[in-house]
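Here come two complexes built around chain A, the first alongside chain B, the second alongside chain C.
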Partner chain A sequence: MTRRVVPPSAVPWLLLAPILALLALFFVSPVAILARFSFYLARPGGQMIPAWVLQNYTRFLTDSFHLGVLWNTIVLGLWVTAVCLILGYPLAYSLARTRSTRRRSLGLTILLIPLMTSVVVRSYGWLILLASSGPINRLLLALGLVDHPLQLLFKPQGVVVALAEVLLPFMVLSIMPVLQGIDPHLEEASQSLGAGPIQTFRQVVLPLSLPGVAAGSILVFVLTISAFATPRLVGGATTHVMSIFIYDQALGVFNWPFGSAVSMLLLLVVLGLTWLQGRALEGRGIGGAG
Partner chain B sequence: MRWRPGAIFNAAFQGLTYLYLLAPILIVIPVSFSSATYLVFPPRGFSLRWYANFFSLQELTDALILSARLAASVALASTTIGTMAAFALVRHRMVGRELLRTLFLSPMVMPGVVLGIGMLIFFSRIRLIHTFWGLFFAHLVVTLPYVIRTVSATLQGFPRAVEEAAASLGGTPLTVFWTVTLPIVKPGVMAGAIFAFIISFDELVISIFLTGPLLSTLPVQIYNYIEFTSDPTLAAISVILILLTVAAVSLVERFVGFTHF
Partner chain C sequence: MSQLILKGVRKSFGKTVAVHDFDLEVAQGEFVALLGPSGCGKTTTLRVVAGFERPDAGEVRIRGESATDKPPYRRDIGIVFQSYALFPHMTVLDNVAYGLRMRKVPRGECRERVRTALQLVHLERLDDRYPRQLSGGQQQRVAVARAVVIRPSVLLFDEPLSNLDARLRQEMRRELRQLQRSLRIATIFVTHDQEEALSMADRVVVMNAGRIEQVGTPEEIYARPASPFVLAFIGECNILPGTISAVEGERGVFAAASGAKLRLPPGPAVRPGTPGTLAIRPEDLLLLTAEQVTPPGCNELTGTVTTVTYLGSVCHYQIRAESGDSLLVYEQGGRGRRVAEGISVRVAWRAELATFRPEAAGEGGA
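Entry: the complex of A and B
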């Protein structure tokens, strides 16, 4: 016979004790101290004075240079989202509709490889590919599409190409399950009622897949504005986005209060959009791609 | 399949998209075997000198050893703590369960720089900056969500009747757990451990904030290296890291398959 040493209602809390202690100390505390520091008064030379001022926030949101950083971040997010949507939707459709499980499993494996590859490896690969004497420029020159090598590295265009590559899987994996949930008979019914493939797509498939499109687009946008390593390495010193700005404040000029305030702004946008992304998929029984 | 123009266009579009996904990973392979002393494309000659160079650079091999040690400890701790949490969340109905799940998964949506600067400020106060344990706890926080998701997915499809049968045949809760429950959830737990290892091993952004000149992980060293030079040594390290990733992905595929994600 077994003796109950602990009451059954305590079991889950015993299981949860380690993770709760860990997150309280090493996750909640850092974010809380960040929130507090964002109201500190910063003095030149890395000095900080405990205070409750809004100066760090107003400085970022009123000055035209800093608003430019915010604007660059949004534009980069929109470009990467657009590229992922244009490339990702057809891919998601063909993966959702293929009858060959081997093709689907091969496609999903290729999609997962960039996700599992180190960001420094991928960024280094793009540095080789996008270089002015690299394979992309050589191909363009050989095809006669350009008459002199394009400057792709250390430019926003290069950052879009490199970021869309690693975020494309998130778009495909957000749209694919929604498309799989659409009964193929609906498309057949639409076609048998006289609609062509384009009309069927526009009036049947696309509207039904919009929750997946919305969720995938928000996810890709959020991950783009959160990204640091790829914009930094592929975009170089000329790329001014929020994540790089925060890094420079923290480790370059040691203005922790200002860096904290910009972090809080970025965090608010990210959390708000993530909540919206959850709403887009609500009740459909599928999660985001992580 | 009939080869209508639409089908050809579709196949070409898909082929190019898959090539785009793999291009930056495939390109480092030929470059790593180049014998030229600078980055040139197409690569010239054939040599293993860059692989040899990697193993001769002590700051890189030290970083590789630290990363491996860190990832192994993080994977072990994260899998244990995450599996316990997943059991509590899936098996028990308690107050605030949804709130707890959101809290546990939220490190996943935090921008790396935000968590990085927060940990930099907090860890420098509690003297964890530039230490192994600082990196350990930071990586633990970011790997836990993946373990919880993977183990929860396995637990949700778990046939409870098997456990009840074992218990009714006289198994004590501990015996049932070791001989019935654990073997069934093992694939999910193993996949979670592999994910935790890979995420910790590859983690860059938070580590940049927490490492120093005397203590650095491999991704941080590579990041610093790229910033001032780009000789093919990095291609050689990249190939080694890619082989590791491929091994891990096929292990995960073997344990659980991709349908769970």
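Entry: the complex of A and C
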């Protein structure tokens, strides 16, 4: 029997090989095909002609309606990020500082339930809640706060709430470990030096937790601008965001070159922000060492 | 006037009582060490003074004013933590200036006071460094400067030296003591290291299981331990069990369980038959070889040297007495003699240096 000798340096690559192959086959190659399509010429009726032209890109970047879609997407991303940050930071703080591990794991479980629920179920849940005859409107009417049902559904506000619900865990799980890494004695030292709770938060806790805030915010923003199902189901036909626009181009009017070009633009934004997130996490490493 | 008064302070966590009815007064400029094994409640007591823990009962008074209901940031205290707790995102200068900025001290005065504080701890050249760029000893100094720059009424130390290496710890002991003397701030120093407590403090509070075992000067604590716990916790001690066999005049005669008959120091009358223990410090024992004469008025046991531990300035001998007792003897080392293992020796001590404790009293004191 012969024994095959594997050089030690090859071992990590061998272990990574299956997942790398899978990613290359089902992720990298479709993206590469889309990248190539984005330079093709489109003909009405779904035809496309192989070429190397930039007109798909210039068409998007010079048209105010298309730029409006990009703007809507960014505004949606900022709103969802802001809501997640406002709801998530206090939650992350209380979970990081609780002395009871049982309370922490219970809190994390509740937090993660939306992630474990199918996007369809979650979105239809919101459809029921937000409908004009739904529980929220009925409660508002019963309390006399409004005279007639509010239009909650198929509006950007509904999309913000629904996305914030599912993306909140990403924010909390980015901030919580950073807060846990802050020595509680730092807050006590600050208090002993005469700083009240608000000053202590502003001067010590907040600055030291910024790497987590940056990482969580970028993650939530990226996931929001690339979300498709929730904006489509909860936002309805009136919500114009990049992902829905791309879908309509590719599968609605069969303009694959244009859809591909818009996909590439969205991908560029996402890659840029992911790179920034990596930088923020590096910053956390430096902060933690101090 | 006392800068700090603790009256009947009690604190429990769930069912565990961390501190029982604790009373203490610390005068202006006084250095008090809280000494005890881990979990004895010394750190909890410190945290009650700082305001990080609310006592279940009792009162904390700082400068004559009740502070029990005040939050930490209104208590006018300086605290140095074991981990130093320097703000990692601030320079040395900003760390030290933090308390002054919170007190809205004018800029010029602030700069002047920070400079003085950094000079006090010999760090004036490092004010633009970040804590992670400093050694452990330097971080410790910054923490001290940050705590004293606000001129607190009470200065608190929570095991501040335990993260330093032995040599640096010795140096910092002296330095902290000097600093505290020159600033004359009432100070509480929590430690489990008896050497630290004995060498630095004006008064030592020995704690065990949430209670005060003894309060006294370092000399009192060491020479006249008030309870068996203090005796066992502070320094080494030879303890011989036995009973009082007879009383001759003012003195009792102690019969060790091993059979040896030993004279007791003159003291309160004890009745023959009283069981108890005889305690004597290793450094009070004399090691005598065959050619040496026993000084008058001494008890004496014969035995053999079993182990010798030479430590430079001192030498430790473990002696197995013929009676069966095991005795530890400390002798001056240095250039002195070194008795070899296996040599027959006599161990002698002046009767006055030993303490007899009747068994009943021993149980009551624990």
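In this text, the second predicted complex is superposed on the first by the 260 of 290 C-alpha atoms of A that agree within 3 Å, B and C clash if a C-alpha of one lies under 4 Å from a C-alpha of the other, contacts with A are read in each partner's own complex, and residues count from 1 in each chain.
In this section, a residue touches a chain if its C-beta (ideal position, glycine included) is under 8 Å from a C-beta of that chain, and two chains touch if they have at least 3 such contacts.
What you see is a predicted model; the values in this text were computed from it and never measured.
Engineer: Would you check which partner chain A:204 touches, where first means chain B only, second means chain C only, and both and neither mean what they say?
Structural biologist: Touch status of A:204: second partner only.
Engineer: Counting only touches as set out at the top, which of chain B and chain C does A:185 meet: first, second, both, neither?
Structural biologist: second
Engineer: After lining up the shared chain so the two structures overlap, which partner does A:224 touch, if you call chain B first and chain C second: first, second, both or neither?
Structural biologist: In the superposition, A:224 touches no partner, neither chain B nor chain C.
Engineer: Per the contact definition in the header, classify A:56: touching chain B only (first), chain C only (second), both, or neither.
Structural biologist: Touch partners of A:56: none, neither chain B nor chain C.
Engineer: Once the shared chain is lined up, is A:255 touching chain B (first), chain C (second), both, or neither of them?
Structural biologist: Neither chain B nor chain C is touched by A:255.
Engineer: Just checking: does A:193 make contact with chain B only, chain C only, both, or neither of them? Give me first, second, both or neither.
Structural biologist: In the superposed model, A:193 contacts chain C only, not chain B.
Engineer: Between chain B and chain C, which makes contact with more of the residues in chain A?
Structural biologist: Between chain B and chain C, B touches the greater number of residues in chain A.
Engineer: Please report the chain A residues shared by its interface with chain B and its interface with chain C.
Structural biologist: After superposing on chain A, chain A residues 289-290 contact both chain B and chain C.
Engineer: Give every residue of chain B touching chain A within the complex, in rising order.
Structural biologist: Residue positions touching the partner: 10, 13-14, 17-18, 20-28, 31, 39-42, 81-82, 84-85, 87-88, 91-92, 94, 100, 103-104, 106-123, 125, 137-138, 140-141, 144, 146, 149, 172-173, 198, 201-202, 204-205, 208-209, 219, 222-223, 226-227, 230, 234-235, 237-238, 241-242, 245-246, 248-249, 253, 258, 261.
Engineer: Which part of chain A faces chain C closely enough to touch in the complex?
Structural biologist: By the definition above, chain A touches chain C via 183, 185-186, 188-196, 199, 203-204, 207-208, 287, 289-290.
Engineer: Which part of chain C faces chain A closely enough to touch in the complex?
Structural biologist: Those in contact with chain A are residues 50-52, 71-75, 77-79, 81, 83, 85-89, 98-99, 102-103, 130-132, 146-147, 150.
Engineer: Would you pull the chain A residues touching chain B in the complex into a rising list?
Structural biologist: My answer: residues 2, 9, 11-13, 15-16, 18-19, 22-23, 25-27, 29-31, 33-34, 37, 87, 90-91, 94, 105, 107-114, 116-129, 131, 133-135, 138, 162, 165, 168-169, 173, 222, 225-226, 228-229, 233, 243, 246-247, 249-251, 256, 259-260, 263, 266-267, 270-271, 274, 289-290.
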